[in-house]
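The same subunit A turns up in both complexes below, where it pairs with subunit B and then with subunit C.
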Partner chain A sequence: MEEQLKIDFEKNLKDFSYSDQEKKFKETNFKEFLKQGFPNRKLENWKFSDLNQIIQSNIGELTFYNDYKKENQIDKIELISELEHNKIIIVDGKIEKIDFKFEDQDKIEVLVEQGEENIRENINSLINLNNAFSNKFCKIIIKKNYSLKKPLVIYHSTNKNTQFKNTNLRIDFKLNENACLRLIDIFKDNSEKNFLNIYYNFEIDKSSILKNYKIDKSINNNVKYSYNNVKQQVNSISETFILSSGSKFFKNEINCDLLGQHSSAFVNGIFDLDDENHHEIKSNINHLVENTKSYQLVKSVLEKKSKAVYQGKIFVSSEAQKTDGYQLSNAILLSENSEFNAKPELEIYADDVKCSHGSSSGSLDENSIFYLMSRGLNYKEAKKLLINGFLLDVIEKITDEEIKNLIKNLLGVKE
Partner chain B sequence: MLKISNLSAKIENKSILQDFKLEINPGEVHAIMGPNGSGKSTLSNILSGKKGYDVKGEVLFENIDLFSLETEERAHKGIFLAFQYPLEIPGVNTNVFLKTSLNAIKKARGEKELDAIQFLKLVKEKAKELKFDEEKLGRQLNVGFSGGEKKKNEILQMSILNPKLSILDETDSGLDIDALKTVADGVNALRKKNNSFLIITHYQRLLEYIKPDFVHVLMNGKIIKSGGPELALELEKKGYENIN
Partner chain C sequence: MRDKQIEDLKDYKYGFSTDIESFKAPKGLNEEVIKFISNIKKEPKWLLDWRLKAFERLKVLKEPDWQKPKYPKIDYQDLYYYSAPKSFKDKPKSLDELDPKLLETYQKLGIPLNEQKRLNGIAVDAVFDSVSVATTFKETLTKQGIIFCSISEAVQKHPELVKKYLGTVIPLTDHFFATLNSAVFTDGSFVYIPPGVRCPMELSTYFRINASDTGQFERTLIIADKGSYVSYLEGCTAPMRDENQLHAANVELIALDDAEIKYSTVQNWYPGDKDGKGGIYNFVTKRGLCKGKNSKISWTQVETGSAITWKYPSCILKGDNSIGEFYSIAITNNHQKADTGTKMIHLGKNTKSKIISKGISAGFSDMTYRGLVDISPKATNSNNFTQCDSLLMGNKCGAHTVPYIKNKNSDSNIAHEATTSKISEEQLHYCQQRGLNPEEAVGLIVNGFCKEVLQQLPMEFAVEAQKLVGISLEGSVG
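== the complex of A and B ==
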């Protein structure tokens, strides 16, 4: 793989006239990735999976080069019809279209050329890989006091014939003071056997609100990894909701740094898994100042040989008194071979805090099934009603009504 | 309507019902009384199709072999069990559940399903008759309901589904006197020429309000004595031990 990486990296560098600074940035990241390789079980954050193995068994040998000069077709991409929205369309890691047609154009700034300094983060090897191979810089800035009228949908798509490929995407977002963004990520693949690696950076200023909904519902044979890095200032709110279902493997990592007082972070999710799918959510909520709050709720419905992992971390620094942190996960195992792993991680250095966690897993309650069947529902209907009921409270955590209904429809939850 | 012959039931090799016989004709109300562990709940579970019992013998419901029917098919044919302990179903709205249930049964019978407006009209009417708090219909099924509310909810379901044979498994337990009267009124309102009832109870109390045609005493999995309503009074006086 190392040979392939080197060839593809050189090819990538040749395609563009990067500035010395950019070049150095890419080379540093590339070297770091070569050193570390794909994450494996030795790392605390990857206790339940070895990415190299997952890629080997689901994809085979990967290639890393992407021709960002090529124009991709986007007219066949299926768009959401239920709600009006702004959109960004991405094909094979390349942004093909940015359309904020519902917004005041002077309130949103899109930087697509390398401009600002690159953040010198060294988070994990996948972010190194991302920085080494992703396309030109893209940053979306929402100006002060502006709330987007409609949600922004990012469509993550792949070309029909691209296989065995790793694609990388990085987008930075900045919400200036008192701004509001509702962001929906929709994953819809046209190809099989790819590895998509996404890295989002969010800077959320004072009193701003970010809502990010990640929807992985359409069935595909791909491997995905997504990392949200969220930095929150005073009074800001971030709400993340993950519907994790369609991909072969999907790991979502959410890192929230609560840097301003009275900021709060919500991470909620559903694993709705079938076959041999393996999905994970890894959260790091870092309470770094006084009076911050976090809440996490993850529900799983697991069929056949599927596997879900939830590693929720609440970190409370010694300064972060009056922290309120909570996490809960519940799973229904619908087969003897399905598997749910919960690993709550609480690291607390302050003494005046309120933190709790809980986790449960079990099968569907046969007595409840009997009760519903004795009222005329067949087994399938009874099971569906119970599962919908089980998922309802996490769906109700979605604070945006329009998007809540969209997700209810996707899950077939009726009212 | 219901004919049970030589029914025996075991659970994990423990014999619960033995050589049980009972015949219920259309329009009749039968009461089965018996002490704890006599097999009363097993009988209601078997009739409504709960799995896990090793059953022998024959049960005919309108001349159809009951054991050939799945749980939901028995509901479609008109058998209803009011549960001794109604289950709490989190996340399932009571109204949604009632409508799903009614329409599943209507669909199976080839009848026209009710739309939302027709259904709401029906459910409101029935809730009013049973003095069932309408606000509860918008809540999750039985979640946070008191014991009495859960039992009333069972009777509400019964009156909406209008079954041919209703089995009431200790519906009176946990009810105060006012709730007991309301529940009895609900049952009496359903008493028609073709609707039959099997009332399972410990005490004679409920039978003061729902007058049975027949009373049977169940002990150790067998009916040891049958009679008219006066048998319930005799039981109340003498206790189960001294009935022969």
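== the complex of A and C ==
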């Protein structure tokens, strides 16, 4: 694999016109990735899965070069019809279309050149891989006091012929003071056996609101990894919702730094898994100043040989007095071969805090099924109704009505 | 009155050392030293081979480093692995022959070895550095067929039992400290309860580290045969010294069909001074195996001492319908650090486990609860309940919770909850309004916080533990 990596990296550098600064940045990241390789079980964050093994068994040998000059067809991609939206269409890690037709054009700025200093933090080897191979970064800036009228939908798609390929995408978002963005990620896979690596950077200024909904519903054989890095200032709110269902493997990582007072972060997720799918959510909420709040709720319904992992962490630094942190995960195992692993973690250095977590996993409650069946439902209906209610809890946490309905329809969950 | 009591207790009262000539193995860790230990204990060949096998394994093992409390590297060649009072070269036959200085030491620690002087029916095995000094109430126990002696004695008198069970729960190759212990263990207790016998009294071991530059590596093996019951308690203290001393013990429990073992620990090793200098490194491996059907193992621990506590008393629930329990209070103050918790491994059907952990950190200390609940695919209808609460006092200390929860069986349930908070102003205000001073109020609230665990201790020790909880937190309020 190392040979392939080196060849593809050289080709990538040669074919596209990167500035010296960009080249240097890519080279450092590439070296770091070569050193570390794909994450394995030795890393605490990957305790329950070995990415190397997952790639080997689901994909085989990967290639890393992507032709960013090639025009990809986008008219075949099925768009959401239920709601009006702005869109960004991505094929194989390349941004094919950016369309903000519902917005005031002067309020949104899209930088495609690599502009300011990049964030140089060494996060993990997959981010290094992303930085080394992704196209020029795209930065979307929402100007002060502007709320987008319609949500922005990012379609992640793969080309029909793309296979055994690693595609990388990085987008940076900046929400200036008092701005508001609703962002939906939707996966539309047209081919199989690829490894998608997505890295978002969010800077959320004073009093801004970010809502990010990730929807992975359509069944596909791709392996996916997504990393959200969120930095929040005073009074800001971030809301992340993850519907994790369709892909073969999907790991969502959320890192959220609460840097300003009275900022709050919400992470909600649903694992709705079937077959041999293996999905994970890893959250890292860092309470770094006083009076911040976080809330996490993750529910799982696991069929057949599926496996879900939830690793949620709340960190409270010694300055962060009056922190309110809460975390809950529930799982229903429907098949004897399904598996749920959780690692809800608290790391606390301040005393005046209220932090708690809860986790439960088990089978459907036989008494509830009995109750429903005694009222005339058959077993299947009773089971469906109970799961419905179970998942509805999380969906009700979505603060945006339009999007809530969209997700309800997608999941077939009724009130 | 109470103020005076506090004044008396503020200092670590077990910090004295006994000036007694000791007889040591040469410094360092090598084959010679292991042979020396084995030779002096007149061990059979199989045990020496077993030790050497562990030593071979130790050469390739690496010291683990994933734990939260970090410590300076230990030089294993700079330790004495065997230390015994000189008068022990020829083992005294009875208490009359025992060095009076030793008797005095235990008297001072509040553990009279003279049977008549004991008020309550507790049989004690006293371990001083590397050797067992005396075991009380032996005769009473022997009548019922109970074997309670030091492990060296058991090797001589009951080799078949030792050979059969030693290393079956904690294998030779387990991890660095367990393997180190297997190679150089010196003494400890051995308990065998025959089928159908309910042990009439509490059995207890009292560990004391006296000599400097020594590591204490004791090994305890408790076997409860079919349908038997035993309650066992261990206590520990050490003199105040500036250097850090290593304590790496292995404890193995085996419960056969319908047997029950209750293991309680009141750990009060020297925690180091206010600036975090000195103190014991308490790196202990404790594991119980519920081998038979309907067996039960229950761990209760009150951890107040040690500079670093790093241990996870675990239960392997192999037999169907077996039960594992873990009750823990861990208190850290000043610069103490603790990384403790449990592992519940469900293998058999209908197995149940319960974890109650209470952590209190004050001063500059750091406390971690780390636990594993693993329900394997075959453990149908199993249940686990975990509750871990932490209390913080001041913003210089830390409290962390790191549970690992693995459920691979759809007919089993796991529930876990954890909270972290401080003592609320309302509670304090309420108590103070009724005439308690702030320290008393905190003591009362903390005792309430720990009550669930304290209740699990044998009655005689519950009182002592309650006091200890209060003492450990002195100076952390206000």
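Just so it is clear, the second predicted complex is superposed on the first by the 415 of 415 C-alpha atoms of A that agree within 3 Å, B and C clash if a C-alpha of one lies under 4 Å from a C-alpha of the other, contacts with A are read in each partner's own complex, and residues count from 1 in each chain.
Just so it is clear, a contact is a pair of C-beta atoms (placed from the backbone, for glycine too) under 8 Å apart; a residue touches a chain by one contact, two chains touch by 3 or more.
Note that the coordinates shown come from a computational prediction; the quantities given were computed from them, not determined experimentally.
Subunit B and subunit C, once both complexes are superposed via subunit A, fit side by side.
Residue contacts after overlaying the shared chain place A:376 against subunit B, while subunit C stays out of touching range.
Once chain A of one complex is fitted onto chain A of the other, the partner contacts of A:340 are limited to subunit C, with no touch recorded for subunit B.
By the document's definition of touching, of the two partners only subunit C reaches A:355; subunit B does not. Once the two complexes are laid over each other on the shared chain, residue contacts for A:385 go to subunit B alone; subunit C is not touched. Looking at the superposed arrangement, the partner reaching more residues of subunit A, out of subunit B and subunit C, is C.
With the two structures overlaid on their shared chain A, subunit B and subunit C come no closer than 16 Å at the level of C-alpha atoms.
Shared interface residues of subunit A, touching subunit B in one complex and subunit C in the other, do not exist.
Of all residues in subunit B, those touching subunit A in their complex are 48-51, 70-72, 74-76, 80-81, 83, 86-87, 89-93, 96-97, 100-102, 104-105, 108, 140, 157, 161. Contact residues on subunit A toward subunit C in their complex (touch as defined above): 44, 47, 318, 321, 331, 333-363. Those residues of subunit C that touch subunit A in the complex are listed here as 66, 377, 390, 392-422. Residue ranges of subunit A in contact with subunit B, taken from their complex: 365-368, 370-379, 381, 385-386, 388-393, 414-415.
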